[in-house]
Amino acid sequence: MISAGIVGGTGYTGVELLRILALHPEVEVTVVTSRADTDKRVDTIYPNLRGLCDAVFTAPEVDSLAECDVVFFATPNGIAMKMADELLNRGVKIIDLSADFRLQNVSEWEHWYGLIHESPHLIRQAAYGLPEINREAIKKASLIACAGCYPTAVQLGFLPLIEKGLIDLKHLIADVKSGVSGAGRKAALSSLMSETGESFKAYAVAGHRHLPEIKQGLAKVVQRQLENGEAFSTAFGDEAGKPEIGLTFVPHLTPMIRGINATLYSQTDASLADIQSLFEQRYADENFVSVLPQGVAPDTRNVRGSNHCQLSVFKPQGENTLVVLSVIDNLVKGAAGQAVQCLNLMNGFDEDLGLKTIALYP
Amino acid sequence: MISAGIVGGTGYTGVELLRILALHPEVEVTVVTSRADTDKRVDTIYPNLRGLCDAVFTAPEVDSLAECDVVFFATPNGIAMKMADELLNRGVKIIDLSADFRLQNVSEWEHWYGLIHESPHLIRQAAYGLPEINREAIKKASLIACAGCYPTAVQLGFLPLIEKGLIDLKHLIADVKSGVSGAGRKAALSSLMSETGESFKAYAVAGHRHLPEIKQGLAKVVQRQLENGEAFSTAFGDEAGKPEIGLTFVPHLTPMIRGINATLYSQTDASLADIQSLFEQRYADENFVSVLPQGVAPDTRNVRGSNHCQLSVFKPQGENTLVVLSVIDNLVKGAAGQAVQCLNLMNGFDEDLGLKTIALYP
Amino acid sequence: MISAGIVGGTGYTGVELLRILALHPEVEVTVVTSRADTDKRVDTIYPNLRGLCDAVFTAPEVDSLAECDVVFFATPNGIAMKMADELLNRGVKIIDLSADFRLQNVSEWEHWYGLIHESPHLIRQAAYGLPEINREAIKKASLIACAGCYPTAVQLGFLPLIEKGLIDLKHLIADVKSGVSGAGRKAALSSLMSETGESFKAYAVAGHRHLPEIKQGLAKVVQRQLENGEAFSTAFGDEAGKPEIGLTFVPHLTPMIRGINATLYSQTDASLADIQSLFEQRYADENFVSVLPQGVAPDTRNVRGSNHCQLSVFKPQGENTLVVLSVIDNLVKGAAGQAVQCLNLMNGFDEDLGLKTIALYP
Amino acid sequence: MISAGIVGGTGYTGVELLRILALHPEVEVTVVTSRADTDKRVDTIYPNLRGLCDAVFTAPEVDSLAECDVVFFATPNGIAMKMADELLNRGVKIIDLSADFRLQNVSEWEHWYGLIHESPHLIRQAAYGLPEINREAIKKASLIACAGCYPTAVQLGFLPLIEKGLIDLKHLIADVKSGVSGAGRKAALSSLMSETGESFKAYAVAGHRHLPEIKQGLAKVVQRQLENGEAFSTAFGDEAGKPEIGLTFVPHLTPMIRGINATLYSQTDASLADIQSLFEQRYADENFVSVLPQGVAPDTRNVRGSNHCQLSVFKPQGENTLVVLSVIDNLVKGAAGQAVQCLNLMNGFDEDLGLKTIALYP
């Protein structure tokens, strides 16, 4: 049994962690912090937990958190980077669901997040928390930078293709649609039901923070393949030999609460049958990724409330354009579920311990 | 480990049973029938079960069902009554989620359901499947008539008041609102998203099949109290001494998928404080019913996907009118979850085995 | 052609006024104020008005508003009462969509709205803006206190019954359900789509500001009938002869944007057929109220975007309990449409001028 | 005043025609047919029309339709082609909202629609009903093949770019999202609220009927420019000189009722500023198309219930990939509104007569 703390327990990823951990057989949540709701019972804010969670919100203090084996940060960006150093020094493992340690390039991070990074020295030691890509590093890490929701859906969809060098990396398109819970539990006009219900829109078209994260992630896959001596079919990368990803990423807001659907476009000569097999093989041993039979497209509800990603591949009209569909629940595989998956790996538990929930249908 | 069959596995209550039983540690689902989808894998129809359920739909045949320890009927009304007799004779226990055995009065059943009852002799031996009211009978029964969704929400809300004789039984009002999954998985114009989305309406105002079920249930509570020698504050019942329930029941359709909210009105002299205590005491030992703190009203999402009922009581403006709010998930506590709760009782398992799921929020 | 000003043009009732008035053949909107969005084009905030509205938000100033023939207040409560006096003195007519002049009893208003009333002397001269009840007074008034959204739906449903003295006034119940736009365009956690979508709840059960407004309105109907010498079937009213309304009012939030459904319960001996005729006669000459054929219940979408109210009456199970269903669009008949209906009456225009829009279906 | 008939008045495009035409000052709807609802009042099926439409559904018969000046077909595919010839011969103009006359290539039509075309000789004389592209032909035509909903949104987005030869025609992507009303008013499992609510999915990825229509439309624009002697920057087209459009079209279903958002990807060297100007100029005189200010993305609700199309252009990250966003209401600009726009053109009315409705917000 390990003890866990949650910093920022009143956001949607925080309550989702509570929902999952309340039934996790090897974890006891001993500290849940919230500045705004200090001293309130967790189940008064989240009545879905009534009878299943006796925790009380406390103020976020290093001393009490330092008594946990592991601390999750389900906070806005910029909090984990302030507290991580001390907690790590006191032997606590950290799983950060925010973006503080996701980008290896500090100045890029500071550009996109509009903050000065307060712990740049920790960035290199953070393992990127996307187990299907980075499992071995996660097992050994003390600090996990959980992948973002969009990056998870997009990277899992492109991964097999890039590993095999099958697509033109300069012309990738990710047209991604998210439910509104991705905007978090913040009182913002733009997230009102009257503003988002019964309507659909693109947003942040000119640039979204998850763009550099996705590009970094895909470039790393290429880099790793190159290091492994994989022969990519065509020369690529910039002059310095660094792989270069040309990606257009357009996020959209769709009138539902949970779920991400990524529709990914790339150019390839490979046949659909070969790509279907490739995907099936690549993910055959993955607990949380499943490839649908040829011709079947996934609904986001297939994974609502579960830690699964479902993928489909299509080559419409026999053209070179390949379409990959990738769906996840942004709060589970895109956040809290993935964090617990990382926790399981870090502690040698079964990777799906506490994560065997089934998507709610209908 | 017991083996279970599900007849009618393609409806919403059927798939909800599958979702729950797939993770139930003491049940193995060995037969799932569907006329329409015979020979298809269950997870092609319900892709939320991919990787978690290898079952294949078969045609509904008594011989294969008779090999199960227990058979659930998640069928339209009129199916269970045809197959129950033979299955019971062959030693199979039956949990019927349809309405076939809910009404003790055969002619009343035939009036409301528009069918000739084919197994009237079994009605008396059926235990009404609402554990909070009828636990001991359920434990001993071979045939369970699970309570309907509306009747569950309404009866749990009125129960403590009627047991104590605190309300005027002649003037009860149940204004009840349901999500659209209550209409089942049937291709009907009136259930289209274009017809039900962004709109709210009352329906079946002149009379709904759940009305006689609720009245029968409440009358039985009165009857039991009378038999126990409880002194009701005022004479009531018709001349023959039979308790008479005057109930106006108006169901409404609300633009969401899951959830029932019952707003119950009755007349009482008792104080709100006393009623709050009464509810808390009455349900103190119930796993699946919780009474919210005074002044807090429940959202249906508090119980979405879980087997819980949440209750609140109010006396607005100091008048005699008492308002009870009762919320459940119509597919769980109102159907499949309640059925599994009954199964647990019938088999001596912990009552909440396989039912510890937490409502999805947000 | 008259000139109109709108104070508080950025809320939902404000933009709804703009939508209606943009096509009104006898009104030109010359001033639209907004503190927060001063100097912005209206159609940048409300892109549905692109190409149809050239207005620019200005700061709310009496001098510019005083040049209008009429000024609408689509503001939070407490604003109109500060500006009304001066505008009236300068010959401007006022149509207040907020609650400032709705309650005749100042201390009751101050209790429910938590403010000191700054223009109590104007309350008596304000005509209550519900044309179906108060048409003649509206025609002659300079200051209109538009009826609230819930009060409109509830009063139109009870009106014919009270006028004829057919129901027991001590035991009225209004179980009312509203879309979320009723909460206005305010950044509030409780109005987020993630908080209100796919869920249903009661709120303000212990007391809602619209309760005294409804009771005052219904009492006034009784009073008027008494003054007209109508013989009510039974003695009623308190000892001083003042009619007393016993009303339990429970508002609920339903996961849709627009629409109110009121389900009204009362006790009557009258037959359903007589009540159906009564309703049809009472509203035969009303442009905006229609009584559905017997047995048909209204959907709120029947009136979405239109100024209509649709009504149905039922007596389920032959009991004395009468059920009236009443639906409106809270932003139209419950706010901006009603305000324009009043404007038309005040100016001698056809009552439905600019209001002939048809509800959007589906 | 002209008289109009509507064949297939019970579908969503039919009722939308009724909603628009009920207030059109120059049109009287004299015949509305429906096989299923013959002899019923239209307002019993569509209660939003109560008080505004006295029509009664009749059986579809050529004789009564032949007395109209114009007949709209709001029918499933395959009906208009059976009745058009006789009506045209009897001097009736036809506006077909179905797909019967959209594709110039008969065998292509028969392939995609799975029917034998019964009036292939009429195809050539049908004018494609997308006024912004084909206004002059529409004015003179007796038979209009109204553009489909997806084709309208996609073509208006690509049009200015293709007219100026600015994009690579071989690599177009249209990632399009539609509300569920696009599936029509048919009792289909896949359109239930329980199936489509709170979920998002791609469908018909391997091929959708609107693909050949879009390709034909875009090719025609190229053809016309070539005929006009416009110099396209690069050689394109197949060897025979026929312009060739390489388009990947992926439709998606989004959990709302009305609205289409097309996100269009193409490759161009032109600067964003030039493209923004180009779009503004191209549509400066169009009543129903507006180009949003740079950096602003449209919501589908901006046009809900109105005949407008709103467009935005972006070049994210300075790459060559251009992103065009295009939103319409699928039932208005994508169907009934566009049909009335064509009617206005055919009759010399103002193009926006009866179409000045403003989108409902919120």
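A, B, C and D are the chain letters, set down in written order, and residue numbers restart from 1 in every chain.
The working rule: a residue touches a chain if its C-beta (ideal position, glycine included) is under 8 Å from a C-beta of that chain, and two chains touch if they have at least 3 such contacts.
Being a predicted model, the structure only gives us computed values, none of them experimental.
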Item to complete: Enumerate, in label order, the chains that touch chain C and chain D alike.
Response: A, B
Worksheet item: Out of A-B and B-C, which chain pair has the most contact pairs?
Response: B-C
Worksheet item: Among the chains, which has its CA centre at the largest distance from chain D's?
Response: B
Worksheet, complete the sentence: Rounded to a multiple of 5 degrees, the Cα superposition angle from chain A to chain D is 180
Worksheet item: When the C-alpha atoms of chain B and chain C are each averaged to a single point, how far apart are the two points in Å?
Response: 39
Practice prompt. Can you check how far apart chain A and chain C are, centre to centre, with Cα atoms defining each centre and the answer in Å?
Written response: 47
Fill in: Touching two or more other chains - residue numbers and ranges from chain B
12, 181, 185, 194-195, 197-198, 255-258, 298-299, 301, 304, 362
Item to complete: Could you pull out which chain C residues touch chain B in their complex?
Response: 171, 173, 175, 177, 179, 194-195, 197-203, 205-207, 211, 246, 248-250, 252, 254-259, 261, 263, 265, 295, 297-301, 304, 312, 314, 316-317, 319, 321, 323, 325, 327, 362
Discussion item. Using the touch definition from the top, list the residues of chain A that touch chain C in their complex.
Written reply: 12, 180-181, 183, 185-189, 191-198, 255-257
Item to complete: Report the residues of chain B in contact with chain A in the complex, numbered from low to high.
Response: 12, 15, 19, 22-23, 44, 46-52, 181, 185, 197-198, 257-258, 287, 290, 292-293, 296, 298-299, 301-306, 308, 310, 356-362
